[in-house]
Amino acid sequence: MSLTKKQLYFLIIAGILLPVLCVVHLFSGQISIEFQDFSNSLFHYNNQDTNQIIVRELRIPRMLMAVIAGGGLSLAGLLMQTLFNNPLAGPFVLGINSGSSLFVAFSIMTGIPFLSSDFGIISSALIGAFSFGVLIMFFSLFVRSHVSLLLIGLMLGSFTGAIVFILQAASSSEELKSFTMWAMGSLQNTELSQLPIISSLFILGIIGSILLIKPLNTLTIGEEEAKLLGTNYKTIRLVIIVITALFTGLVTAFCGPIAFVGLAVPNLVRIIFKTQNHFVLIFASVFIGGAFILICDILIQILESSIHIPINAFTSLVGAPFVVLIVLKRLA
Amino acid sequence: MIEFKKTVIGHKKSPLISIDFLELKAGELYILIGKNGSGKSTLLNSIIGFNSLLSGEVLVEGKNITSFSKSELSKTVSFVRSTFPQTDYLKVDDFIALGRSPYTNALGRLSLLDKDIINNSIQTLKIAHLKGKFTSDLSDGERQLVSIAKALTQDTSIILLDEPTAFLDYSNKSHLHQLLKRIAHETNKCIILSSHDLDLSLDTNCSFLAINNSTKELHLVEAPAEKSALLNMAFS
Amino acid sequence: MKRMLLLILVLNLFGCSPTSETKSLPEQKKENSTVSYASHFDLIQTGDDFLLHFMSPESGEIEHRFFLTKTIDSSRTGYTTIEIPSTKLITLSGTSIGMLSTLDKQQLIVGVSNKNYVYDPKTRNRIENNEVIEVGEESNLPLEKIIQSSPQLILYSGFGSDFPGSKKLNALGIKSIPIYDWRETHPLGKAEWIKLFGALSNSYEKAESYFNEIESAYFELKEEAKTLSESPTILSGNLLGDIWYAPNGNSFVAQMLEDAHVTYKYREAKGTGSTQLSLEQVIKDNTNTEFWINPGFSSKNAILELNTKLKHIGPLDKNTYCYSHNINLFWERSAIEPHHVLSDFIQIFHNVKTSDSLYFYKNIE
């Protein structure tokens, strides 16, 4: 597929915007940090200096998670939207997020220590995402219409939501608090030491998506057409679901649920770049998705002194009106 | 090019068309006619392997259709379907370029040869003026032309078309039929198109594949075909 | 006439309060009020009977009026009558169990919320023997089960409003009274609620005498603390999700820390609730803080499991103290033993032996 000069420039701009926002994010906390603190924390780390501790242990992980969450969920959303030929698809809307939430709810509220530890929650989120990915894929076999599939996804979400309510009613206030906190989403729950593996999985998912560029491009004109062009639909569909579950599970595991990014950003990317060329869409989704979450988190930090807004709430605040706009635009 | 041997085509135990033995040659345009519901689309789908045969074989270039890999198949048979995808933000050139997918690398990069073939198809169908547009902005007739261009780009020895002229006006329909006949001759392809319009098809002066309304057999009627005979066979 | 004299005498004896330097001394509500420190209830003696007022913690307005009387069929306009002494109570508040057991009247209890949160051994026993029922949370009480056990009173915590079903129970003669002790911010204000329990259980004198004892003990300790020269810095509060909640300067905890003569890190924060802070801010502010109190967990591992970044809180390694190793004990008894909490604080922070061992707190490992 084609790549115009204009698209290339925008892509480069987005690619530059991301690291710029990363730096802005690092310096936008309530405590003022010097550039010295930043460079020292990386190269001459003094673990007694509070400022350096804050930069290295708190801000850097938070910034990296913002990028990974934003980029990962946006890319997952893009893959879902292409697979199902539906711009309103997304890990959240198709219930994959609900799968993670349900399994994490079980982990926390069964009170079994292993399951409610960090490792337990992460595994549950990943397993939950994957199971529900397979479930929605199963439904997609029987359901032709996109609207029907979305409805099924929403119903899956409601169903798991109901189960979670029941679990909540039966759990102690400690467990309830724990789950509620988890559901608000947080970019601050990862350790620097966990970042290498998280980043590796993230990059793995991106590489996997890049290898799918051609099949994804053929999928833009539909399942049947893609098959006619030689695409091995069943295999590609499976790989897409695995990559999507990987991103969704990874982000949900370490950050809790973060709404709307997966739905809104790929649409925004298509509107800006006006193309279905997945070479552009994949990179743009990662850049703009990362930028989006960084901007949200920068705003959250600026507002911190007056009001604390959890990240999940913020993305919904911004994302929901945007999705309404998209729907209206499509109907026009 | 295409051989049918004791083939029965249909859906799940309800047979629609039977073919005892039939051979379709390269370099020919065949027009498939039959009553509504007689199985024209099913036949085309069966040739490409989307529909399972109830019995018998279909051989393409001597090889059983079921033994083709997906990749080989996409380089051998292309299919212009009657529905057009509803994709946003898809440029006409990108859509046509997708026809080269069976030949490009994992990133879908187009070589100079690929680009040449794409341009050729666009020239042949005289749709250069549509190049910068989005497919969602095309008229129904334009969409059909663009679909055919994609099929040409796919450079297959067999092209199947399901009612490709439904939305074109008469002169364009006629022009398209002539064009396809010429392409079949010049590039030695075997092209099968299903059509509703008997008069128009007759003007094309090519061979017909007619589904016998009473026996449900597929008959080859070589050019020049006679109108009343065809009417009797397929529509009475 | 004689009765009048007796009344005046009694009121004189019990009506005055010692002057205190602690903040927020509430105004006398009525001349005959027996309550000095608590702001959310008032108890006025009238002979053998009592007038009981409850004030809304939000507005301060009197929202409930009860007439506690020993005389059957006695009433008073504008007041709901409650016969005393009570014989059967259901209590949804843990501190009530603590106060009743101090008066040795816990056998009046016929229902509690959840047996897992009860400390008092006698009550636990009675629950095992099915003499006390469990009724769960205030928001969802099993009305039929309650009616079956025929209590006279339900003592509820009042998280904002009447609990669902209270009207129905009232119509059947089961009255409900709010126990707002948890909303009191003055250290002695909470303890003073024991007088209410004294009035209900025909042990008012005992309640009053006990309160006076702890009041003196409290002030003694406070004076002692003042003489200590050092004033170490203290951090209180914990992390919930991404937010750190630190008690404000006028809150219960902050006032006690003040009375213990220590420097509480966030005492400048106004109000009686808590202040929200970012973890960054807390780490930055507390590198040199000497103690962390009330971290919410009883082991270092549990704290780190919540959020590994808490390892950067200054005092975590050596001087963190919590009551969570026996949560039920703390919640049930700390309200009625503020002098013991103060004693613990002085002992921990100033390293002065005010008692043989700490009553509530423990150094976490």
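By written order: A, B and C. Residues from 1 in each chain.
Just so it is clear, a contact is a pair of C-beta atoms (placed from the backbone, for glycine too) under 8 Å apart; a residue touches a chain by one contact, two chains touch by 3 or more.
Only a predicted model underlies this, so the values are computations on that prediction, with no experimental measurement involved.
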Chain with minimal offset from the mean of all protein Cα atoms: A
Highest C-beta pair count, chain pair: A-B
Centre distance in Å when chain A and chain C are each reduced to the mean of their C-alpha atoms: 45
Geometric centre distance via CA averages, chain C-chain B, whole Å: 85
Contact set on chain B toward chain A in their complex: 48, 50, 70-71, 73-75, 78-79, 81, 85-91, 93-95, 97-99, 101-102, 104-108, 134, 154
Chain A partner contacts - residues on chain C that touch it in the complex: 240-243, 276, 278-281, 283-284, 287, 305, 307-309, 312
Residues of chain A touching chain B in the complex: 1-2, 85, 87, 210-211, 213-214, 217-218, 220-222, 224-225, 227-232, 270-271, 273-277, 279, 330
Complex contact set, residues of chain A against chain C: 29-31, 50-51, 53-54, 57-59, 117-118, 177, 181, 184, 186, 188-189, 191, 304, 308, 310
